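Here come two complexes built around subunit A, the first alongside subunit B, the second alongside subunit C.
And now, the complex of A and B:
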């Protein structure tokens, strides 16, 4: 299966899965560890990938993916191109609130090699929220982890009455302002 | 197109119920787990009616089974849907259309849905209530130390403020006492001081007067000596006249004139006798210092300079 689809498998009780896609593996690792350190009342599985599609041979042991986080490092054109290419392997239904773009390295504007407008355009085209952060700073990493966890909780259906689509609509309207 | 839309709607309805069912399912599972745990660590009162919770547990598990079956059904329907990826050219448009449809479907679903009532089994309700209470209890326990700390801080603050107030009041009192003392002192002090000052002034004036007197005396002694002191004059006089009574100085003449004027202002005249040296009398009369009595040429008085 080369395309990632939402709801392609039955959910696992009291657990949620998040997929981090990005070229910067160190940052991915750090973020994943920070997420795992956070206190939560459900099991969480974090999957790391440098790009999509995911390898087909291990698909049967992979749980249902509830949230895909595309990590774009604005200091590397390669990471941006890689994400753009990966997006083609995501089912359109995922973009109904189960995708977000984590824009990292925004702290040092003079070292940005990716146009901010291009990043914003990406978020707009794929109707997905952009989260700007500097993962090398511990405080921001922790708060980002908390945000992602909250989003994951909603995307996995753990919050009664709030669907991922509904939530992302709220996010979008706040972004547009 | 219509078929496509219907298909999509079905998918979304399934999606929404799927999410909802899942959350209910997980809650129910949790509850069942708790129910098996509670009898061990709660009061014996609950442990006595142990068979009821077993019934409740079974009921809940049955409910879970039903929900899970529904879930599987939905899942199998979902897997029938083909995958759909986005092309760059119209990605945004198609996505927005999808979102629109999905949101409409979700809206319709919410409109149709009636809130699901959890099991009416009293045991389940009791357990749920307990869980809820424990959650609240836990939250409150977490909040308690914060409030304790805040309370303590406020108490400390109050204590400090009261102490401060007391100190300030003491200070005010002390200042008031000092003020009172100062007031009395100031009155006494000013009287004394004025007296002192006057005394000093008087002394100074007296000194000045002495000074003036001695200076005038010196002046008179220097410039108006007695004729006897001049050797030649003495000779002449002794030759001319027989040694007569001792002459008095101009100083003494003036003094007696002043004394007379001061002691007897009604009759300030002084009778000239032999002790008065005539040239000095003449001098006094000529410069208007002394005046002759209009009827008696033998008597003179001092011009009334002080009037």
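And now, the complex of A and C:
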């Protein structure tokens, strides 16, 4: 399977899977650990990847992925290009609320090499929310992890009455204002 | 999909914390666990309902619209083609690999045979040598063929360049011819123009000549007349004075052409100035009393000796 699809597998009971895509592996690891440390009442599996598509060999043992988080480091153009290339391998149904862009390194604006307008345009084009954060700070990392967990819960269908599409449309409306 | 994939699944699904939670709860209170279980069961039911709803909506969305179905069919066909291509590639790679393996096996077998130093091994060595010879010969012939091909290509290139040059020359010749034709035409036109101009000049000359002739032919009315001094002898002053009288008393018109006119012209400017106010009409109409009295002979005699003295 070259394209990741949101509904090609059945969900596993009381569990959710999140996929972190980004070139900065240390930050990915740190974020994954903070997400695991958070208190929660369901099973979570975190998959890390530097780029898409995911390898096809282990596709059969991979659970259904509920949320894809693209981590864009503002300080490296390579990460941005990599994410742009990876987006082609994501099924369109994912962009109905199951994708979010995590823009990291925004605390040091003077070292930005990716234009903010380009990042914002990416978020607009793919109808997905942008989350700005500075993952190297402990507090922000924890809060980001909590946000992602909540989103994951919604995307995995653990919150009755709220679907991913509904949530994303809510986020979009707040963005437009 | 033979493209190298960088993506690697590094983190295995970690379920340790979730598993630890219920375990701790079990250790603390046994009675609460059942309640928790009921709660969790209810929660799970809700989860399942939500997930089912989402899946069903997705299915509905896929089914409802017909264009989507068409798109899906197209997508399926595309994927089928892709998969077929992949299968072919896999088959080819598999065949190549098996061939390589066969070769390796044969080489291994030959080596073992050679180590045995039998008659067969000698034979094999000979055959190998022959194969080498043949292969070198084949290589040489291939080299020659390549050289020949290169030469042929060079010749072809030269021919092409020559053709192009010839085409260019032809074009040049054509343009030259065109230019020449144009020039000839231009010359003809110029000659025509020259002829026309010459004709025009001639015509204009003719017309001027004719005009001159007409002007000459026109009757000439002289505005000034000169007296014929040679034929008529110079009149004396007395005569002129006498001659002047008749016009004063008579009805002679001063401008009329006559034999007495030259006498009139001969008058000095002073006498003339005195004469000007006395027109002939005035002289005629003047009453007798205003006229100068005619002189008597005595008077005349009296005056003349005075003049002479």
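Keep this in mind: the second predicted complex is superposed on the first by the 177 of 177 C-alpha atoms of A that agree within 3 Å, B and C clash if a C-alpha of one lies under 4 Å from a C-alpha of the other, contacts with A are read in each partner's own complex, and residues count from 1 in each chain.
Here is the rule we go by: contacts are C-beta pairs under 8 Å (C-beta built on N, C-alpha and C of every residue); 3 or more make two chains touch, one makes a residue touch a chain.
What you are looking at is a predicted structure, and each value in this text was computed from that prediction instead of being measured.
K.L.:
For A:160, select first, second, both or neither according to whether it touches subunit B, subunit C, the two together, or no partner.
P.N.:
A:160 sits against subunit B and subunit C alike.
K.L.:
So in the superposed three-chain picture, is A:68 touching just subunit B, just subunit C, both, or none of them (first/second/both/neither)?
P.N.:
After superposition on chain A, A:68 lies in contact with neither partner.
K.L.:
After superposition on the shared chain, which partner residues are touched by A:95: those of subunit B (first), subunit C (second), both, or neither?
P.N.:
In the superposition, A:95 contacts subunit B only.
K.L.:
Just to be sure I read the superposition right, which of the two partners does A:36 touch: subunit B = first, subunit C = second, or both, or neither?
P.N.:
second
K.L.:
So in the superposed three-chain picture, is A:114 touching just subunit B, just subunit C, both, or none of them (first/second/both/neither)?
P.N.:
neither
K.L.:
Does the superposition put A:126 against subunit B (first), subunit C (second), both, or neither?
P.N.:
In the superposition, A:126 contacts subunit B only.
K.L.:
State whether A:149 touches subunit B only (first), subunit C only (second), both chains, or neither.
P.N.:
It touches nothing on subunit B or subunit C.
K.L.:
Identify the partner contact of A:83: answer first if only subunit B is touched, second if only subunit C is, both if each is, neither if none is.
P.N.:
It touches nothing on subunit B or subunit C.
K.L.:
Of the partners subunit B and subunit C, which touch A:5 in the superposed model: first, second, both, neither?
P.N.:
first
K.L.:
Could you tell me which stretches of subunit A are touched by subunit B in one complex and by subunit C in the other?
P.N.:
7, 11, 13-14, 42, 93, 156-160, 163-164
K.L.:
Spell out the residues on subunit B that touch subunit A in their complex, using ranges where they run on.
P.N.:
11, 15-16, 18-20, 22-26, 29-30, 71-72, 75, 78-79, 83-86, 91-92, 94-96, 98-99, 102-103, 106
K.L.:
Which of the residues in subunit A come into contact with subunit B in the complex?
P.N.:
Those in contact with subunit B are residues 3, 5, 7-11, 13-14, 42, 87-93, 95-96, 124-127, 156-160, 163-166, 169.
K.L.:
Write out the stretch or stretches of subunit C touching subunit A in their complex.
P.N.:
It comes out as residues 1, 5-11, 13-15, 17-19, 21, 40, 43-44, 46-51, 53-55, 57-58.
K.L.:
Going by the contact rule at the top, pick out the subunit A residues touching subunit C in the complex.
P.N.:
The contact residues of subunit A facing subunit C are 2, 7, 11, 13-15, 17, 32, 36-37, 40-56, 58, 62-63, 93, 156-161, 163-164.
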